[in-house]
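Heads up: the structure comes next, in structure tokens.
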């Protein structure tokens, strides 16, 4: 059942308390607020090293209003597995064990742990919020950084293609895989709820804007995310093991057709991290984006 | 009154497995590595056969093995894992996390040396590398002791006033794969000794949420570390108490649980050891005494917390300690020797100390080699 | 229940980062006449700093200036241009 | 030894300012140190930094507890600093059009300048944040007279390279416009 | 004759980066972690800007960072990486592998404490956990020293008669992010000092194949370890020699390179320290002397190999050592204190030793706290 | 150009010297002999902990006649990256850096390292020989163990689906991905040579029989591998990033059609590890096999 | 203390045999130990194992260097054992139809039996390897008289459970057919 | 060149596991009359223990019994049944 903006307002309690440590305009905090908020009476969070370990707060208290376990960078999905099994043993499997982490853990250092949990079909949901960069440590390239992005470790522009974790999870036989965008929160929360309705390992990657690391106006946070979808940079889809079929999601459907897309430069031009991007880089970025669509199309 | 027990023939790894079986952990996660492997295999068999009602998580690495146990520990259930050597190193980050985070996890380490070259034989280089990590470490001398120690470990570790993970250590192959006799209590008696884990050190709760391990400033941080230091101090007494309770119930003891002296109170030379070399040293001592030499021994059973007072007491009554290390802190000396020297210095004990590093990478340390060492040291 | 160890645990509270309204350089101002009470601004505020509009009661949105970080998303996303960002102190 | 505490808002360049100030002191022939206080600083949140100068090697690594001088890059942060800890003979350098009410009657030496105004006029604005750091360095050297403007300028030029002119200009204007008063 | 140098203002991490730049490594692989991050960023900038002709590998974890360097080291080229805290733990298996495998890798560790809770501030718990791992460890007191030490490390580590990896240590933030002055030689002079890496410790060769790190029995294994122990002993002299050569060329020194004494030869109380606390202690001592107290200090610059003889010599001339540790071996005491006590015991030095663990998790250790400690100890 | 049996005989030198430590009938040693033998004058081997670290020999010498670096279990692809970069720096990039390891490293503990190297497009070839089990430690379940297999850690039969590393590498944008079988050595060597002709990260998984861990007759080693292909258990294919298309390989082509396949029980019945497999398990195994084919078909 | 060295080929069950022997000794009221010598053993390759019995707790953990008795499960391995190290009064228990040439004239006590034949007759064959381990235990207890057949049987039954009968039978037959001679 | 450290290095050699022919319980025997010199057995031998047949010279395959482990693959795979596995000692 589609989630409407109205449904977003119905939630058990605020999961993210006011006055948290996220930067102004943080898309990750926004996504957290709605998704975790929608299951805040049943959620158990596992958070690897990331901005989420910072924006939850420190010292005095935390802004996360649900049980939260902070883990080592590569440990989350295994910790979540242990929690899920322990809850099962205790007959508390109505609780939802959710990993909330960045692209660094999901795409890089923690991917073996994640694939392992997926392989075992652990009953957890991994939400990878991606700012395409190691945000917490100041913006170094991650496996999810796209071609052309200037990061602290690729000052002249990243040259390697984007690691598409959702595809890896599809190949790895996850129960459910979806992508989402902070600009389309209803769609995200719908997928989030749907994922939680399945037994097994579920994975959602949400594209969120990160004003400081993208060197963007915080006010453009949502606009950039929306353009990410509209330019085709970020395909919105769901894939289900049972059907082995990828379905484009309503807000992103028309961008499956290249003709409907806005030029990628609409998206890059709002972000300082793409300042100075060359034409060749832009072409390479477009090519890599097309590569992703081509992979996806195989499942459509 | 000592309960009924049956003597069984089994390997050291079997003994560990039975101790775990009897303690009824709720969640087990482990990853195979020689020579720990048969523990994992035994436990998966127990679970598959329905002998043990536990969740068994077949993880994809040791980092995840311990992480999964940590997840279970945070959920307030009894957890168990085991590892060795490269596996212990591969989970290093979580080993420290568990110790500093006070998570009550029991993890026997089947001691094996560290690569390169690949070598599956025993020394203590692996567990010694974690002597700062906030874990209780007990080194055992034979199959019986490793069973007893693993059982005791649950009780010590899970006490809320201790809340320190435990690492019972057993020499790879020499204990793990060697068949010997173990007096096995009835599972019920063993479980009664350990007790259920019903007052968890920590337990997540959706009704009363908290966040564990968020960013911490120096103040809070050092408060936690001071508490850890103090808990280690308290653990000494706890180990002695649990060991005594164990003795009353099962009739077996290893010195006072911290150190095991052997031979006369006073001697010309005292061997200070860890692990099976301690057992072998007893053999050496008996033979040396038969030859008229006046030697005794102190086996350090508990290495963390380090039994400073017991070592000092024993040393005071003696004249010369010879420490046998089965590990080296490269660029200095054997860790046991260094720490024994340190505590004698600290407590102004005159007794001299010397030492030798033996048995690295599975080099055999027969009693004859110990006898040779003693004779050489007696001459000096 | 025995007393437990000193654990690195924190409890939920509002304002862990203080009154984050202080971080602002611009603040959002509503023109209630333009507001159609669609709550889109509410939806997109990462800081929970907007009180929802209520169409039934004809109440427009309002801001929680204690915590609004002044990111400007609400102004950017408001379909009616009902929110303006004003430099702090003006 | 001269010890300085600086408070600013994340995004306004305070940490860079402290660094450049240390470099300027180095050109002055002093040993100098700049210590940023890291934490979970965010754009807009208060950030402290410490600077030390000495004519012998500095062997102290702690934050500055008892500063000689204070630099306040945003007037709203004035209450975040315990002025009583600042040396009675020190200068309080503040980004303000006038002497702040709170300081009046304290007998303090105050150096104030409208750094925000100057920086904005010069277009030193990044993502909504006015970069007052270089401007305030001008005010600082004027107020304290510890470092020559030439050496400050050298440090600014060295750091900013091509972007130097505007930044030097900002410091220069502040240097000229800063008013130093005992209040 | 001392070469021309220019004083520059930079952070400690910048200083490390320049030392690496000047040594011209062929392969760099690193993974970001606060507070090491800016080293990685500097180096990727140098490479991207063409200032440094190196392969820069942006790996996906620290385990891989060191692994990639190991691959490069086996190929016979100069390699460099850096890490900190959790990152160091995450690469633990390869840290031991590198040390025991004698791979000449330079890896500064920007010291930061270990989780949980998350805390990015300094203590030495991270590098101390690797004191058995067969690495040379040198702790530095300021930006200049970390530059100098990193440069020296290449020369020491890559000597075929040493072949031990080096871990220059710098206090996180306190050095890494603090701007201070560094006298920087010309790149050519620096490179001339280090020299090209043209007689590699090891280099793979398709013409003459060998296999590295295959299965090894106890005999061969312990032979390698004995050689490692001996190389550590040799490294002491090497460190002194390289340090002297450095002094001749660049005019700077830190004691003899192993330990740095401060103050009079003999005093009522000697502070024994590591890292920036050593610098802070000098400040404390000058103030205490001004008050009429007779105190001096010994900063242990090289912790591995442990400068046994130098400590013993210095201690002999003094009456009371007070060791400040910025790490704890939980369940015993501070590692520096333990080792100092041990060597005094071993060498029958009467000088008394006490100690205090300070500055965990970034707790500030101002000279005033050191003064308080000294005054308290002087009373006792 | 197709490799014929005759081509197998043309090789620079023996890569695997006689009298090695592999068990009688080991398919891994066999595959090694031919593949590495075909580039033995240019190969640099990187070997993670596995049977290959054992069968190379110990103590006195090694049976591997090419430079070999044994690495920690999870380290190989990063070590290989370091070697490849160092060789590039030295102008020796004509050498072929090859990771030769088991399913344990490739599918489990080392998969993050491998994905990382793939993401960076390191110029290496990873050959994963799979006996579907941790062979070296005595036969515990790996991520590549199939449903129904009795292993030391799944004594009553493994229940989780097979982790298909080749699919993961396809999803991860490797330059070239292929599967092979020890029963079809010409096909394997052809793919091996083809892979080495590409620049970038290449991946081949070869199915090899492991008599002791499969509790099978050593004489049946090749027969079982062949049946693996003929029953459809092991699809033989190649996938190339440029075409994003999977092509079934000649020896396995007809088994793309289920009608041509032999019953899976022909394959299981020769292996003690499947003794006692239930009908339900067999059906689940068939279903999981079909799942793999379905995934693959998306790319055909 | 009685110390035994056993040599066999990987795949023939030597390690299990040593374990069961130790258990049998336990039933005899002795403390017993069985040490397999692990390495890169492969089916068909030579594998050593050691067994100790004692009437006091065994505190020795080393391999057996100077055995009282030797057990050779495959005649081709005879030359792998340094017979001179075996106690002169000990027994050499060997799987052989007759006294091996090499032992003749050594003055040794030899217990020999065609274990391979017995095992094969009973179908104790696994993947081409004849499992002579239980058979040879029968020969051992007969040859050395250290352990009663009853206790051996108990240990075999305990280990093999449902599969015990054949294995007991093998040991029994060997027990009966073993010839003990001084050669 | 200075002398280097003691490194865990081994060099290639034949027979690292000894004469592995000893591991055999069965050994392969060729019936040369049946052999068509296709070398399939050679191809599948994991132990390199078959000397190739040479059709030109009309030489059939032969075995290197020093290293043949007796796995039986050659006998199993020979298309002509030209190889028989015989129990060792017979």
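So that you can tell them apart, the chains are marked A, B, C, D, E, F, G and H in the order they are listed, and the count of residues begins at 1 in each.
In the analysis below, a residue touches a chain if its C-beta (ideal position, glycine included) is under 8 Å from a C-beta of that chain, and two chains touch if they have at least 3 such contacts.
None of the values given here were measured: they were computed from a predicted structure.
> Stepping chain to touching chain, what's the minimum from chain E to chain H?
So the least number of steps between the two chains is 1.
> Starting at chain B, how many touching-chain steps does it take at least to reach chain G?
1
> Considering only mean CA positions as chain centres, point out the chain farthest from chain C.
The chain farthest from chain C, judged by C-alpha centres, is G.
> At what distance in angstrom does the C-alpha mean of chain D lie from that of chain B?
Their C-alpha centroids are separated by 56 Å.
> Roughly how many whole angstrom separate the Cα centroids of chain A and chain C?
For chain A versus chain C, the centre distance works out to 23 Å.
> Approximately how many whole Å separate the CA-defined centres of chain F and chain G?
Here the centre of chain G sits 40 Å away from the centre of chain F.
> In whole angstrom, what separates the CA-based centres of chain D and chain G?
Centres of chain D and chain G (C-alpha means) sit 87 Å apart.
> List, in ascending order, every residue of chain B touching at least 2 other chains.
Residues 34, 58, 60-61, 86, 90, 93, 97, 101, 115-118, 209-217, 220, 224, 228, 364.
> In chain D, what residues contact two or more other chains?
Those would be 40, 42-44, 128.
> At which residue positions does chain A touch at least two other chains?
Each of 21-24, 53-54, 56-59, 62, 64-65, 70, 72, 74, 108-109, 111-113, 115-116, 119-120, 143, 211, 217-218 in chain A touches at least two other chains.
> Within their complex, state which residues of chain E touch chain D.
Residues 7, 9, 11, 34-35, 120, 142, 171, 173-175, 177-181, 276, 279-280, 282-283, 364-367.
> What part of chain B is in contact with chain F in the complex they form?
Per the touch definition, chain B meets chain F at residues 31-34, 37, 40-41, 44-45, 48-49, 58, 60-62, 86, 90, 115-118.
> Which stretch or stretches of chain D touch chain A in the complex?
Touching chain A from chain D are residues 40, 42-44, 127-128.
> Which bits of chain E are touching chain F when the two form their complex?
Residue positions touching the partner: 26-27, 29, 54-55, 57-61, 63-65, 67-77, 79, 93-94, 97, 204-206, 209-217, 220.
> Which stretch or stretches of chain C touch chain D in the complex?
Contacts found on chain C: 17, 20, 22-26, 69-70, 72.
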